[in-house]
Amino acid sequence: MTLTVQVFATLKERAGAPTLSLELAGPITVRELRARLGEQHPELAELFARALVAVNREFAFDHEAVQPTDEVALFPPVSGG
Amino acid sequence: MTLTVQVFATLKERAGAPTLSLELAGPITVRELRARLGEQHPELAELFARALVAVNREFAFDHEAVQPTDEVALFPPVSGG
Amino acid sequence: MDTITILRLTRDPIDLNALQRAVTTPRDGAVVIFTGTVRGQTGAHQTSWLAYEAYEAMALEKLRQVAEELRARFPLVHGLALVQRIGEMEVGEPTVAVVVAAAHRGDGAFEAARYGIDRLKQIVPVWKREVRPDGSTWVEGDYFPTPHDKAR
Amino acid sequence: MDTITILRLTRDPIDLNALQRAVTTPRDGAVVIFTGTVRGQTGAHQTSWLAYEAYEAMALEKLRQVAEELRARFPLVHGLALVQRIGEMEVGEPTVAVVVAAAHRGDGAFEAARYGIDRLKQIVPVWKREVRPDGSTWVEGDYFPTPHDKAR
(Lines give C-alpha, C1' and ligand atoms only; values in the text may rest on other atoms or scores of the structure.)
Protein backbone atom coordinates (compact mmCIF):
# COMPACT_ATOMS: atom_id res chain seq x y z
CA MET A 1 0.00 0.00 0.00
CA THR A 2 1.09 3.55 -0.57
CA LEU A 3 1.23 5.93 2.37
CA THR A 4 0.86 9.59 1.42
CA VAL A 5 2.78 11.97 3.71
CA GLN A 6 1.90 15.65 3.71
CA VAL A 7 4.79 18.06 4.26
CA PHE A 8 4.63 21.75 5.15
CA ALA A 9 6.71 24.91 5.26
CA THR A 10 10.48 24.26 4.96
CA LEU A 11 9.87 20.56 4.31
CA LYS A 12 7.50 21.26 1.44
CA GLU A 13 9.91 23.81 0.00
CA ARG A 14 12.89 21.46 0.23
CA ALA A 15 10.92 18.44 -1.04
CA GLY A 16 9.59 20.49 -3.94
CA ALA A 17 6.13 18.96 -3.45
CA PRO A 18 3.31 19.05 -0.85
CA THR A 19 3.28 15.27 -0.43
CA LEU A 20 5.71 12.33 -0.43
CA SER A 21 4.80 8.70 -1.04
CA LEU A 22 6.06 5.65 0.80
CA GLU A 23 5.30 2.02 0.00
CA LEU A 24 4.32 0.12 3.13
CA ALA A 25 3.59 -3.57 3.60
CA GLY A 26 1.96 -2.93 7.00
CA PRO A 27 2.17 -0.74 10.08
CA ILE A 28 5.49 0.85 11.01
CA THR A 29 6.52 3.11 13.90
CA VAL A 30 6.98 6.86 13.68
CA ARG A 31 10.70 6.29 14.14
CA GLU A 32 10.73 3.88 11.18
CA LEU A 33 8.71 6.35 9.14
CA ARG A 34 11.37 9.04 9.57
CA ALA A 35 14.11 6.54 8.65
CA ARG A 36 12.30 5.20 5.58
CA LEU A 37 11.57 8.69 4.26
CA GLY A 38 15.23 9.59 4.86
CA GLU A 39 16.43 6.59 2.88
CA GLN A 40 14.18 7.60 0.03
CA HIS A 41 15.23 11.30 0.16
CA PRO A 42 18.77 11.31 1.63
CA GLU A 43 19.16 15.07 1.10
CA LEU A 44 16.17 15.59 3.46
CA ALA A 45 17.07 12.94 6.04
CA GLU A 46 18.29 15.46 8.59
CA LEU A 47 15.11 17.53 8.22
CA PHE A 48 12.94 14.44 8.64
CA ALA A 49 14.85 13.45 11.77
CA ARG A 50 13.98 16.78 13.44
CA ALA A 51 10.49 17.20 12.00
CA LEU A 52 7.28 16.95 14.00
CA VAL A 53 5.05 14.06 12.97
CA ALA A 54 1.25 14.09 13.02
CA VAL A 55 -0.85 10.97 12.59
CA ASN A 56 -4.55 11.51 12.05
CA ARG A 57 -4.17 15.19 12.96
CA GLU A 58 -2.50 14.54 16.31
CA PHE A 59 1.16 14.71 17.29
CA ALA A 60 2.75 11.25 17.19
CA PHE A 61 5.99 10.08 18.78
CA ASP A 62 8.74 7.58 18.08
CA HIS A 63 7.15 4.33 19.21
CA GLU A 64 3.63 5.03 18.00
CA ALA A 65 2.29 3.10 15.03
CA VAL A 66 1.51 4.42 11.58
CA GLN A 67 -0.95 2.48 9.44
CA PRO A 68 -0.79 2.79 5.66
CA THR A 69 -4.33 4.22 5.74
CA ASP A 70 -3.50 6.96 8.28
CA GLU A 71 -3.43 10.68 7.52
CA VAL A 72 0.25 11.47 8.10
CA ALA A 73 2.11 14.79 8.04
CA LEU A 74 5.67 15.99 8.72
CA PHE A 75 6.47 19.60 9.48
CA PRO A 76 8.84 21.90 11.36
CA PRO A 77 7.99 23.38 14.78
CA VAL A 78 5.05 25.71 14.23
CA SER A 79 5.54 29.46 13.79
CA GLY A 80 2.01 30.84 13.50
CA GLY A 81 0.26 33.36 15.66
CA MET B 1 -15.77 87.02 45.38
CA THR B 2 -17.94 84.19 44.20
CA LEU B 3 -16.45 80.71 43.91
CA THR B 4 -18.22 78.45 41.42
CA VAL B 5 -18.15 74.76 42.37
CA GLN B 6 -18.91 72.16 39.72
CA VAL B 7 -20.72 69.04 40.92
CA PHE B 8 -21.13 65.72 39.10
CA ALA B 9 -23.15 62.51 39.14
CA THR B 10 -25.07 61.96 42.42
CA LEU B 11 -24.08 65.39 43.66
CA LYS B 12 -25.39 67.14 40.58
CA GLU B 13 -28.59 65.13 40.73
CA ARG B 14 -29.15 65.87 44.43
CA ALA B 15 -28.18 69.56 44.08
CA GLY B 16 -30.49 69.92 41.09
CA ALA B 17 -27.84 71.96 39.26
CA PRO B 18 -24.38 71.46 37.72
CA THR B 19 -22.78 74.21 39.83
CA LEU B 20 -23.04 75.72 43.31
CA SER B 21 -21.88 79.19 44.33
CA LEU B 22 -20.05 80.21 47.45
CA GLU B 23 -19.12 83.73 48.54
CA LEU B 24 -15.49 83.87 49.66
CA ALA B 25 -13.54 86.75 51.15
CA GLY B 26 -10.23 84.99 50.53
CA PRO B 27 -8.60 81.57 50.41
CA ILE B 28 -10.03 78.74 52.49
CA THR B 29 -9.01 75.11 52.97
CA VAL B 30 -10.65 72.13 51.31
CA ARG B 31 -11.98 71.15 54.73
CA GLU B 32 -13.56 74.59 55.16
CA LEU B 33 -14.96 74.38 51.64
CA ARG B 34 -16.85 71.18 52.47
CA ALA B 35 -18.14 72.73 55.70
CA ARG B 36 -19.25 76.01 54.09
CA LEU B 37 -21.05 74.20 51.27
CA GLY B 38 -22.73 71.98 53.89
CA GLU B 39 -23.94 75.00 55.87
CA GLN B 40 -25.40 76.44 52.70
CA HIS B 41 -27.05 73.13 51.63
CA PRO B 42 -27.66 71.19 54.88
CA GLU B 43 -29.51 68.39 53.07
CA LEU B 44 -26.31 67.72 51.08
CA ALA B 45 -23.82 68.15 53.94
CA GLU B 46 -23.25 64.41 54.33
CA LEU B 47 -22.63 64.01 50.58
CA PHE B 48 -20.17 66.92 50.60
CA ALA B 49 -18.31 65.43 53.56
CA ARG B 50 -17.65 62.21 51.60
CA ALA B 51 -17.15 63.77 48.18
CA LEU B 52 -13.84 63.94 46.32
CA VAL B 53 -12.60 67.48 45.76
CA ALA B 54 -10.64 68.67 42.74
CA VAL B 55 -8.89 72.02 42.56
CA ASN B 56 -7.64 73.08 39.16
CA ARG B 57 -8.30 69.58 37.79
CA GLU B 58 -6.27 67.78 40.45
CA PHE B 59 -7.40 65.94 43.57
CA ALA B 60 -7.16 68.20 46.64
CA PHE B 61 -7.12 67.23 50.30
CA ASP B 62 -8.24 68.67 53.61
CA HIS B 63 -5.48 71.15 54.38
CA GLU B 64 -4.90 72.38 50.85
CA ALA B 65 -5.94 75.89 49.90
CA VAL B 66 -8.76 76.93 47.60
CA GLN B 67 -8.58 80.39 46.01
CA PRO B 68 -11.78 82.09 44.88
CA THR B 69 -10.39 82.07 41.33
CA ASP B 70 -9.67 78.31 41.30
CA GLU B 71 -11.54 75.75 39.19
CA VAL B 72 -13.21 73.64 41.87
CA ALA B 73 -15.28 70.46 41.60
CA LEU B 74 -16.93 68.00 44.01
CA PHE B 75 -17.91 64.50 42.97
CA PRO B 76 -18.36 60.94 44.19
CA PRO B 77 -15.70 58.24 43.72
CA VAL B 78 -15.41 57.66 40.00
CA SER B 79 -17.24 54.79 38.28
CA GLY B 80 -16.13 55.02 34.66
CA GLY B 81 -14.34 52.48 32.54
CA MET C 1 12.18 56.14 19.51
CA ASP C 2 8.80 56.62 17.94
CA THR C 3 5.92 56.07 20.33
CA ILE C 4 2.24 56.82 19.84
CA THR C 5 -0.18 57.96 22.54
CA ILE C 6 -3.89 58.50 21.96
CA LEU C 7 -6.01 59.92 24.80
CA ARG C 8 -9.64 60.43 24.01
CA LEU C 9 -13.02 61.14 25.59
CA THR C 10 -15.60 60.61 22.92
CA ARG C 11 -19.31 60.28 22.28
CA ASP C 12 -18.64 58.15 19.20
CA PRO C 13 -18.63 54.36 19.18
CA ILE C 14 -15.22 52.84 19.92
CA ASP C 15 -13.61 51.34 16.80
CA LEU C 16 -11.15 48.66 17.93
CA ASN C 17 -9.84 48.06 14.40
CA ALA C 18 -8.99 51.73 13.98
CA LEU C 19 -7.35 51.91 17.42
CA GLN C 20 -5.24 48.81 16.70
CA ARG C 21 -4.02 50.36 13.45
CA ALA C 22 -3.42 53.73 15.07
CA VAL C 23 -1.18 52.50 17.90
CA THR C 24 0.79 49.77 16.10
CA THR C 25 4.22 51.04 15.09
CA PRO C 26 6.38 49.15 12.55
CA ARG C 27 8.35 47.74 15.49
CA ASP C 28 5.28 46.08 17.01
CA GLY C 29 4.13 42.49 16.72
CA ALA C 30 1.81 42.31 19.74
CA VAL C 31 -1.27 44.33 20.62
CA VAL C 32 -3.35 43.82 23.75
CA ILE C 33 -6.75 45.46 24.02
CA PHE C 34 -8.95 45.68 27.07
CA THR C 35 -12.44 46.85 26.39
CA GLY C 36 -15.17 47.28 28.97
CA THR C 37 -18.68 46.53 27.78
CA VAL C 38 -22.13 47.27 29.14
CA ARG C 39 -23.07 44.17 31.15
CA GLY C 40 -26.78 43.42 30.84
CA GLN C 41 -27.04 40.71 33.50
CA THR C 42 -25.24 40.53 36.82
CA GLY C 43 -26.77 37.49 38.44
CA ALA C 44 -30.50 38.25 38.62
CA HIS C 45 -29.84 41.99 38.24
CA GLN C 46 -30.77 43.47 34.84
CA THR C 47 -29.27 46.56 33.25
CA SER C 48 -31.05 48.13 30.27
CA TRP C 49 -28.36 50.64 29.31
CA LEU C 50 -25.72 52.92 30.83
CA ALA C 51 -25.19 56.66 30.55
CA TYR C 52 -21.66 57.96 31.18
CA GLU C 53 -20.80 61.50 32.23
CA ALA C 54 -17.33 63.00 32.66
CA TYR C 55 -15.71 66.03 34.21
CA GLU C 56 -14.14 66.39 30.82
CA ALA C 57 -11.30 68.83 31.40
CA MET C 58 -9.99 66.90 34.40
CA ALA C 59 -10.67 63.50 32.80
CA LEU C 60 -8.34 64.33 29.91
CA GLU C 61 -5.62 65.39 32.33
CA LYS C 62 -6.05 62.22 34.37
CA LEU C 63 -5.98 60.07 31.21
CA ARG C 64 -2.64 61.70 30.51
CA GLN C 65 -1.46 60.84 34.02
CA VAL C 66 -2.49 57.20 33.55
CA ALA C 67 -0.52 57.15 30.28
CA GLU C 68 2.55 58.63 31.96
CA GLU C 69 2.40 56.20 34.88
CA LEU C 70 1.96 53.29 32.48
CA ARG C 71 4.92 54.31 30.34
CA ALA C 72 7.13 54.71 33.40
CA ARG C 73 6.26 51.15 34.45
CA PHE C 74 6.25 49.50 31.02
CA PRO C 75 9.05 51.10 29.02
CA LEU C 76 8.82 48.53 26.19
CA VAL C 77 5.31 49.69 25.28
CA HIS C 78 5.44 51.68 22.04
CA GLY C 79 1.79 52.41 21.24
CA LEU C 80 -0.93 53.31 23.72
CA ALA C 81 -4.54 54.39 23.42
CA LEU C 82 -6.81 55.25 26.37
CA VAL C 83 -10.32 55.91 25.14
CA GLN C 84 -13.34 56.53 27.35
CA ARG C 85 -16.70 56.82 25.69
CA ILE C 86 -19.34 59.04 27.28
CA GLY C 87 -23.07 59.31 26.62
CA GLU C 88 -25.54 56.45 26.37
CA MET C 89 -24.44 52.89 25.60
CA GLU C 90 -26.36 49.68 25.09
CA VAL C 91 -25.70 46.21 26.46
CA GLY C 92 -22.65 44.67 24.77
CA GLU C 93 -21.22 47.99 23.54
CA PRO C 94 -17.63 48.98 24.38
CA THR C 95 -17.53 51.78 26.93
CA VAL C 96 -13.77 52.09 27.26
CA ALA C 97 -10.67 50.78 25.50
CA VAL C 98 -7.07 50.43 26.59
CA VAL C 99 -4.88 49.45 23.65
CA VAL C 100 -1.20 48.63 24.07
CA ALA C 101 1.29 47.80 21.31
CA ALA C 102 4.77 46.35 21.86
CA ALA C 103 7.30 44.37 19.87
CA HIS C 104 6.54 41.09 21.69
CA ARG C 105 3.72 39.87 23.90
CA GLY C 106 6.23 39.33 26.70
CA ASP C 107 7.20 43.01 26.71
CA GLY C 108 4.58 43.88 29.32
CA ALA C 109 1.68 44.36 26.92
CA PHE C 110 -0.82 42.34 28.98
CA GLU C 111 0.33 43.84 32.27
CA ALA C 112 0.26 47.37 30.84
CA ALA C 113 -3.30 46.97 29.56
CA ARG C 114 -4.36 45.73 32.98
CA TYR C 115 -2.59 48.62 34.67
CA GLY C 116 -4.24 51.09 32.31
CA ILE C 117 -7.79 49.96 32.99
CA ASP C 118 -7.22 49.56 36.74
CA ARG C 119 -5.84 53.06 37.03
CA LEU C 120 -8.40 54.64 34.72
CA LYS C 121 -11.14 53.23 36.93
CA GLN C 122 -9.49 54.76 39.99
CA ILE C 123 -8.64 58.31 39.00
CA VAL C 124 -10.35 59.42 35.78
CA PRO C 125 -13.45 61.43 36.72
CA VAL C 126 -16.18 59.61 34.83
CA TRP C 127 -19.41 58.24 36.28
CA LYS C 128 -22.01 55.89 34.99
CA ARG C 129 -25.74 56.02 35.52
CA GLU C 130 -27.36 52.64 35.30
CA VAL C 131 -30.79 52.45 33.74
CA ARG C 132 -32.87 49.41 34.72
CA PRO C 133 -36.40 48.32 33.88
CA ASP C 134 -37.48 49.89 37.22
CA GLY C 135 -35.52 53.17 37.26
CA SER C 136 -32.02 54.56 37.21
CA THR C 137 -29.17 55.16 39.67
CA TRP C 138 -25.77 56.81 39.57
CA VAL C 139 -23.09 54.23 40.27
CA GLU C 140 -20.44 55.34 42.76
CA GLY C 141 -16.96 53.86 42.74
CA ASP C 142 -15.11 52.67 45.83
CA TYR C 143 -11.66 54.18 45.35
CA PHE C 144 -10.74 57.22 47.43
CA PRO C 145 -7.70 58.98 45.97
CA THR C 146 -4.88 60.05 48.24
CA PRO C 147 -2.15 62.63 47.63
CA HIS C 148 -0.22 59.80 45.89
CA ASP C 149 -2.81 59.92 43.11
CA LYS C 150 -1.82 63.41 42.04
CA ALA C 151 0.10 63.74 38.81
CA ARG C 152 3.86 63.99 39.35
CA MET D 1 -24.79 28.67 31.11
CA ASP D 2 -24.47 30.24 27.69
CA THR D 3 -20.93 30.34 26.40
CA ILE D 4 -19.70 31.21 22.93
CA THR D 5 -16.69 29.68 21.17
CA ILE D 6 -15.45 30.78 17.76
CA LEU D 7 -12.57 28.86 16.15
CA ARG D 8 -11.53 30.06 12.76
CA LEU D 9 -8.81 29.78 10.13
CA THR D 10 -9.45 32.45 7.58
CA ARG D 11 -7.95 34.24 4.61
CA ASP D 12 -10.06 37.34 5.38
CA PRO D 13 -8.83 40.33 7.39
CA ILE D 14 -9.49 40.01 11.12
CA ASP D 15 -12.30 42.31 12.30
CA LEU D 16 -11.77 43.00 16.00
CA ASN D 17 -15.06 44.90 16.35
CA ALA D 18 -17.02 41.97 14.96
CA LEU D 19 -15.17 39.48 17.17
CA GLN D 20 -15.79 41.58 20.27
CA ARG D 21 -19.51 41.71 19.49
CA ALA D 22 -19.62 38.02 18.66
CA VAL D 23 -18.11 36.75 21.91
CA THR D 24 -19.65 39.20 24.41
CA THR D 25 -22.61 37.60 26.18
CA PRO D 26 -25.09 39.72 28.18
CA ARG D 27 -23.28 38.63 31.34
CA ASP D 28 -19.97 40.13 30.21
CA GLY D 29 -18.44 43.47 31.11
CA ALA D 30 -14.81 42.78 30.22
CA VAL D 31 -13.22 41.73 26.95
CA VAL D 32 -9.50 41.16 26.47
CA ILE D 33 -8.10 40.84 22.97
CA PHE D 34 -4.63 39.78 21.98
CA THR D 35 -3.77 40.36 18.37
CA GLY D 36 -0.48 39.56 16.70
CA THR D 37 0.58 41.92 13.95
CA VAL D 38 3.18 41.77 11.22
CA ARG D 39 6.29 43.43 12.68
CA GLY D 40 8.16 45.41 10.04
CA GLN D 41 11.29 46.21 12.03
CA THR D 42 13.12 43.99 14.51
CA GLY D 43 16.17 46.02 15.37
CA ALA D 44 17.93 46.56 12.05
CA HIS D 45 16.08 43.62 10.47
CA GLN D 46 13.36 44.57 7.97
CA THR D 47 10.31 42.50 7.08
CA SER D 48 8.30 43.41 3.97
CA TRP D 49 5.37 41.07 4.51
CA LEU D 50 4.50 37.63 5.86
CA ALA D 51 2.77 34.68 4.22
CA TYR D 52 1.08 32.17 6.53
CA GLU D 53 0.33 28.56 5.65
CA ALA D 54 -1.58 26.01 7.73
CA TYR D 55 -2.16 22.30 7.89
CA GLU D 56 -5.76 23.30 7.97
CA ALA D 57 -7.53 20.14 9.12
CA MET D 58 -5.17 19.64 12.05
CA ALA D 59 -5.00 23.36 12.83
CA LEU D 60 -8.75 23.47 13.43
CA GLU D 61 -8.54 20.47 15.74
CA LYS D 62 -5.66 22.04 17.66
CA LEU D 63 -7.51 25.36 17.94
CA ARG D 64 -10.30 23.35 19.54
CA GLN D 65 -7.79 21.80 21.94
CA VAL D 66 -6.48 25.24 22.92
CA ALA D 67 -10.06 26.35 23.58
CA GLU D 68 -10.77 23.30 25.73
CA GLU D 69 -7.57 23.70 27.73
CA LEU D 70 -8.30 27.40 28.22
CA ARG D 71 -11.84 26.76 29.43
CA ALA D 72 -10.64 24.11 31.87
CA ARG D 73 -8.19 26.63 33.37
CA PHE D 74 -10.40 29.75 33.22
CA PRO D 75 -13.94 28.63 34.03
CA LEU D 76 -15.24 32.20 34.39
CA VAL D 77 -14.57 32.93 30.71
CA HIS D 78 -17.88 33.04 28.83
CA GLY D 79 -16.92 34.08 25.31
CA LEU D 80 -13.85 32.96 23.37
CA ALA D 81 -12.61 33.44 19.83
CA LEU D 82 -9.40 31.96 18.42
CA VAL D 83 -8.82 33.23 14.91
CA GLN D 84 -5.73 32.58 12.82
CA ARG D 85 -5.44 34.33 9.51
CA ILE D 86 -3.56 32.62 6.68
CA GLY D 87 -2.29 33.97 3.38
CA GLU D 88 -0.30 37.16 2.84
CA MET D 89 -0.31 39.99 5.38
CA GLU D 90 1.30 43.40 5.39
CA VAL D 91 3.20 45.18 8.15
CA GLY D 92 0.82 46.26 10.91
CA GLU D 93 -1.98 43.86 9.94
CA PRO D 94 -3.45 41.47 12.53
CA THR D 95 -2.39 37.88 11.85
CA VAL D 96 -4.13 36.25 14.80
CA ALA D 97 -6.68 37.18 17.45
CA VAL D 98 -7.51 35.70 20.82
CA VAL D 99 -10.65 37.30 22.23
CA VAL D 100 -11.91 36.52 25.73
CA ALA D 101 -15.09 37.82 27.36
CA ALA D 102 -15.93 37.53 31.06
CA ALA D 103 -18.15 39.30 33.54
CA HIS D 104 -15.24 41.15 35.19
CA ARG D 105 -11.64 41.86 34.22
CA GLY D 106 -10.50 40.00 37.32
CA ASP D 107 -12.19 36.79 36.16
CA GLY D 108 -9.07 35.59 34.37
CA ALA D 109 -9.68 37.43 31.10
CA PHE D 110 -6.12 38.74 30.78
CA GLU D 111 -4.55 35.45 31.84
CA ALA D 112 -6.82 33.46 29.52
CA ALA D 113 -5.91 35.62 26.52
CA ARG D 114 -2.25 35.15 27.31
CA TYR D 115 -2.73 31.40 27.69
CA GLY D 116 -4.59 31.25 24.38
CA ILE D 117 -1.89 32.94 22.33
CA ASP D 118 0.95 31.09 24.09
CA ARG D 119 -0.66 27.74 23.44
CA LEU D 120 -1.72 28.55 19.89
CA LYS D 121 1.88 29.40 19.08
CA GLN D 122 3.00 26.04 20.48
CA ILE D 123 0.62 23.49 19.01
CA VAL D 124 -1.44 24.89 16.12
CA PRO D 125 0.22 23.82 12.85
CA VAL D 126 0.67 27.15 11.08
CA TRP D 127 3.92 28.51 9.66
CA LYS D 128 4.96 31.90 8.43
CA ARG D 129 7.23 32.74 5.57
CA GLU D 130 8.99 36.04 5.98
CA VAL D 131 9.55 38.13 2.89
CA ARG D 132 12.38 40.67 3.12
CA PRO D 133 13.83 43.13 0.62
CA ASP D 134 16.54 40.49 -0.10
CA GLY D 135 14.52 37.26 -0.24
CA SER D 136 12.25 35.05 1.81
CA THR D 137 12.58 32.33 4.47
CA TRP D 138 10.23 29.99 6.30
CA VAL D 139 10.28 30.77 10.00
CA GLU D 140 10.57 27.72 12.25
CA GLY D 141 9.27 27.74 15.79
CA ASP D 142 11.19 26.46 18.79
CA TYR D 143 8.57 24.39 20.60
CA PHE D 144 8.77 20.60 20.33
CA PRO D 145 5.50 19.01 21.41
CA THR D 146 5.54 16.05 23.76
CA PRO D 147 2.83 13.47 24.40
CA HIS D 148 1.40 15.97 26.93
CA ASP D 149 0.45 18.17 23.99
CA LYS D 150 -2.05 15.67 22.63
CA ALA D 151 -5.71 16.49 23.04
CA ARG D 152 -7.25 14.76 26.06
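In order of appearance the chains are A, B, C and D, and numbering begins at 1 in each one.
The definition used in the following text is that a residue touches a chain if its C-beta (ideal position, glycine included) is under 8 Å from a C-beta of that chain, and two chains touch if they have at least 3 such contacts.
All values derive from a computational prediction rather than experimental measurement.
Trainee: Everything stays put except that chain C is ignored; which chain groups still touch one another?
Mentor: Once chain C drops out of the picture, we get A, D | B.
Trainee: Which other chains touch chain B while also touching chain C?
Mentor: none
Trainee: Taking CA centroids for every chain, report which one is farthest away from chain C.
Mentor: Comparing chain centres, A lies farthest from chain C.
Trainee: Please compute the C-alpha centroid of chain C, do the same for chain D, then give the distance between them in whole Å.
Mentor: Computed from C-alpha means, the inter-chain centre distance equals 23 Å.
Trainee: State, to the nearest whole Å, the distance from the C-alpha centre of chain A to the C-alpha centre of chain D.
Mentor: Once rounded, the distance between the two centres reads 26 Å.
Trainee: Averaged over CA atoms, how far is the centre of chain A from the centre of chain B? Could you give it in whole Å?
Mentor: Measuring from centre to centre gives 74 Å for this pair.
Trainee: Nearest whole angstrom, what separates the Cα centre of chain A from the Cα centre of chain C?
Mentor: Measuring from centre to centre gives 49 Å for this pair.
Trainee: What positions in chain D touch 2 or more of the other chains?
Mentor: 36, 117
Trainee: Give the residues of chain A touching no fewer than two other chains, as numbers and ranges.
Mentor: none
Trainee: Going by the touch definition at the top, which pairs of chains touch each other?
Mentor: According to the stated criterion, the contacting chain pairs are A-D, B-C, C-D.
Trainee: Looking at the complex, which residues from chain D come into contact with chain A?
Mentor: 36, 52-55, 57-59, 61, 84, 95-96, 117, 120-129, 138-147, 149-151
Trainee: Quick one: in the complex, what on chain B touches chain C?
Mentor: Contact set of chain B toward chain C: 6, 8-10, 13, 52, 54, 57-59, 61, 71, 73, 75-81.
Trainee: Okay, in this complex, where on chain C does chain D touch?
Mentor: My answer: residues 15-17, 20-21, 24, 26-42, 91-92, 94, 101, 103, 105, 109-110, 113-114, 117.
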